[in-house]
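Listed after this line are the structures, all set down as C-alpha cells.
There are two complexes below, and they share subunit A, which is joined by subunit B in the first and by subunit C in the second.
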Partner chain A sequence: MTTPIQEVTETLDTSGLLCPLPVYKAGLVLSRLAPGEVLHLITTDPGALEDIPALARQRGDALLGVDNQGSRQLFWIEKGSQQ
Partner chain B sequence: MTISISNTLNTDRHLSADRRLRRFEDIRQLLPDIDNPSPLVRVNRIVPSASQVFLKLEWFNPFGSIKDRAAAYLLSGLEERGALAGRRLVEASSGNTAIALAALAALTDTPIIITIPEGVPEEKKVLLRMLGAEVWPTPDDLCPVDNPRDGAIALARSIVESDGGEGYVWPDQYSNPDNVRAHYETTGPEIWRQTEGQIRTFVAGFGTCGTISGVGRYLKERDPSILVVGVEPQPGHRLPGLKSFREAKTPAIFDREVVDEVIQVDDEPAYAMTKRLFREEALMVGPSTGAVLEAITRLISLGLVSGLDSPGLTVGISPDSGFKYTSFFAAGLGEEGLPEDESRKTEDGR
Partner chain C sequence: MTMAALNLDILDNEPAPRPKRIALVASKGTLDQAYPPLILATTAASLGWEAGVYFTFYGLDIIHRKRLPKLKVASLANPSGPIQLPNLLGAIPGATAAATGVMKKWMRDAKMPPATEFIEMARGLGVKFFACSTSMGVMGVKEADLIDGCLVAGAAAFLDFAGDADVQLFI
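This part shows the complex of A and B:
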C-alpha cells in the first residue's frame, strides 16, 4: 500500500511504544474525530502492521494507506461514518 | 501520621489499635489476617441443612473485597524490593484489585493507572476515579493478534515495557507470587482456624487464581484429602473477576496441582443464585458469589461434598458484595419490584 494523497486531520506519533499501546491511543483519537477525518499514525513496533489494520476493521474505519519503512510504520486511517 | 505500606503487614499496625473496642489508627489496620479474619457465615436455606456450607464474606474487608489481601501483599513486596519508589503504579484489573491498590496508593500519594476491561460495571470505574486513579477502559479484544480476550493485561504490559516505562511499576497480580502468598499466609490459615480443621471442601472462582492456589496449597498441606474446587465461567461471560481459560490465558501463578475439580457455571445460573442469596439468605453478594454457591449446590447434588453420611464443612469464597453491580442487577430485574403501571392496565382492558 502506498502513501495516500489525503488531508490529515491529526497526527499521532507513538514511536517507542509497544503494542497494544499504539492501538489503544489510536482508538482514543479516532473516537473523537468526526466521520471522514483522517488520522496519520506513526509507530515503531512491527506488531502494529497486524494490529492497526485489525483495529480499523473492528471499528469500521477505512485504512487508507500503510508505509512500512522498516524502523517505523506509517498509517492513514479515515474515521468511518457508521459510528 | 505516615504509615508505609509495609507497616500494614508488620507489628506497627498493632501498636495503637484496640480490636476489642474496634478502634483503629489507620484503615490499613483493618486488613484481614489470622487474628482479624473475614467472617464465615452459614448458608441456611438454599442448601440442605445436612450440608454445612459456609461463605467467607470477603466484602467485610476495608476496601470491600478479597483483593484487599493481594493488593497489600503486592505493594508490600514492591516496597521491600525498592521497586515502588518514585514510580507510578500500573495494574490490569476487573476492579477489585484496582480499588484496593488505588486505596492503598492514595494513602502514600502514589499515582496509579488502571487498565480495566470495558465491560466492568460503571460503579467500579467511578469508585476508582473517586480514589484518584487514572482509569483506562480497555476492550478485551484490543490486541486480537497476540492476546485474545486479555486486552487490559496486554495494555498494562505495554505501558511498562515501552520507552519511558521505567517510570512505571506493574504489580502484575497474574504473575506475582505475592498474590498467592497473601492467601497462603492469611485466607488459608483463617479458614483452617475458623472451621477448627473440619473443612472438607473449598470452592473458589478462577480469576488471577491467587486465592485458589494459595488457600488450596495451605489446606492440602494440612490435609491432602480436602477437596479443592475451581469455578470457571463461560467464554464471553458477565461475571467480573472470573476468567474462562477457554478464552483467556492461564495465569502464571496458577497451581494446578492443588485443584481437584473444576465446575463450569454460566451467567444465567450464577445471577439466579445471586438473587436467591439476596432473597433467601439476606446476603447481598456480587455475582461471582452466586457462581460459587451454584457450583456448591451441584457438588451436593453429585454427592461430592459433605452431607448426612460424610460430616465436615464446605467453605466457598464470597469475593465481594453486590453494591458495585447494581447496574448489572437492574438490567436483569427489568420491571420486577416496581409498582404496576395502572394506566397500562386500563389501556389493556385488564
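This part shows the complex of A and C:
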C-alpha cells in the first residue's frame, strides 16, 4: 500500500535500529505532536511492519499509509485525539 | 430503579478509559536477562500503557547502583551463550568476562543501548520500579544501594498493581 501524504509534520529516520528503538523513538515524537499532526517514520527493522501498526493501534493514532520498500519501510502516522 | 434509569445512570458517569497495564517480574540478574523486562516495559510505555517491573532476588542487581553497569553473562552451563565453551573451560577465570564482552559487543554492533540506558529510557516514560523488600533483606541490599526512584515494597504492593494489569509476565 502506498499513500502519498502531503502534510508531514515531522520525519523520524530509525534506519539501523532494532526493536524496541523504532517504537520507542516514534512514541516519543507522537507524544509531542498535536492531534492531527503527521509523523513520517522510516524503519529498517523487518519487525516494524507488524510493530508500527500495533503502536498506532495501541496508542489510538491513525496509520495513514505504509510503503514496504523491502530494505526499508515507510510509515505515515497521524496523532490521534484520544490521548 | 428501572433498568432504563440504571443504564442512563451508567452512561452519565462513564469514566475515562483506563490505559492498559503490564506488570513484570524481573527475577534474574544476568546481562542477557536484564534486557527482556526493560525492553517490554519500555515498549509498553511507548504504546501508552502503564508499566511496572518488580525486581526480586537476583533481578535486584538490575536496579543496583553499582551492579547494574557490571551485569555479566556466563559461558558456564549456558549452551546458548555468546561464546561456546565446554563447561570445564567455562569455569576458568576470565571465561565469564569474555562471554560478557562478546555480548556487549553484539549489543553495540546492533546499536542496542546498554542496560543502564534502558533503565533511563524506562524511567523517562514513567515505568514504575518496585524493589522487593524481602530480597533486599535476604541479600543485604540497602535502599541507598538502589538507583533513584525505586519503590521498596513487598509482594502485596506489587500484586495490588499487578492485579489490575492486562499482562503479567515472570522473567
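Assume the second predicted complex is superposed on the first by the 83 of 83 C-alpha atoms of A that agree within 3 Å, B and C clash if a C-alpha of one lies under 4 Å from a C-alpha of the other, contacts with A are read in each partner's own complex, and residues count from 1 in each chain.
Quick note on the criterion: contacts are C-beta pairs under 8 Å (C-beta built on N, C-alpha and C of every residue); 3 or more make two chains touch, one makes a residue touch a chain.
Bear in mind that the values here come from a model prediction, so they are computed numbers and not experimental data.
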Looking at the overlay on subunit A, is there a clash between subunit B and subunit C, or do the two fit? clash
Based on the superposed arrangement, let me know which partner A:Leu12 touches: subunit B (first), subunit C (second), both, or neither? neither
Kindly classify A:Gly47 by the partners it touches after superposition: subunit B alone (first), subunit C alone (second), both, or neither? first
Does the superposition put A:Leu74 against subunit B (first), subunit C (second), both, or neither? neither
For A:Val29 in the superposed arrangement: first (subunit B), second (subunit C), both or neither? neither
Looking at the overlay, does A:Gly60 come into contact with subunit B only (first), subunit C only (second), both, or neither? second
Just subunit B (first), just subunit C (second), both, or neither: which does A:Pro20 touch? both
Only one listed stretch of subunit B (237-245, 255-263 or 273-281) runs into subunit C, and it is 237-245
Contact residues of subunit A, present in both the subunit B and the subunit C interface: 16-21, 23-24, 27, 54, 58
Write out the stretch or stretches of subunit A touching subunit B in their complex. 15-21, 23-24, 27, 47, 50-51, 54, 58
Residues on subunit B engaged by subunit A in the complex (per definition of touch): 136, 138, 141-147, 151, 154-155, 158-159, 161-164
So in the complex, the part of subunit A that touches subunit C is made up of which residues? 16-21, 23-24, 26-28, 54-55, 58-60, 83
What residues of subunit C sit close enough to touch subunit A in their complex? 20, 39, 42-43, 45-49, 110-113, 121, 125
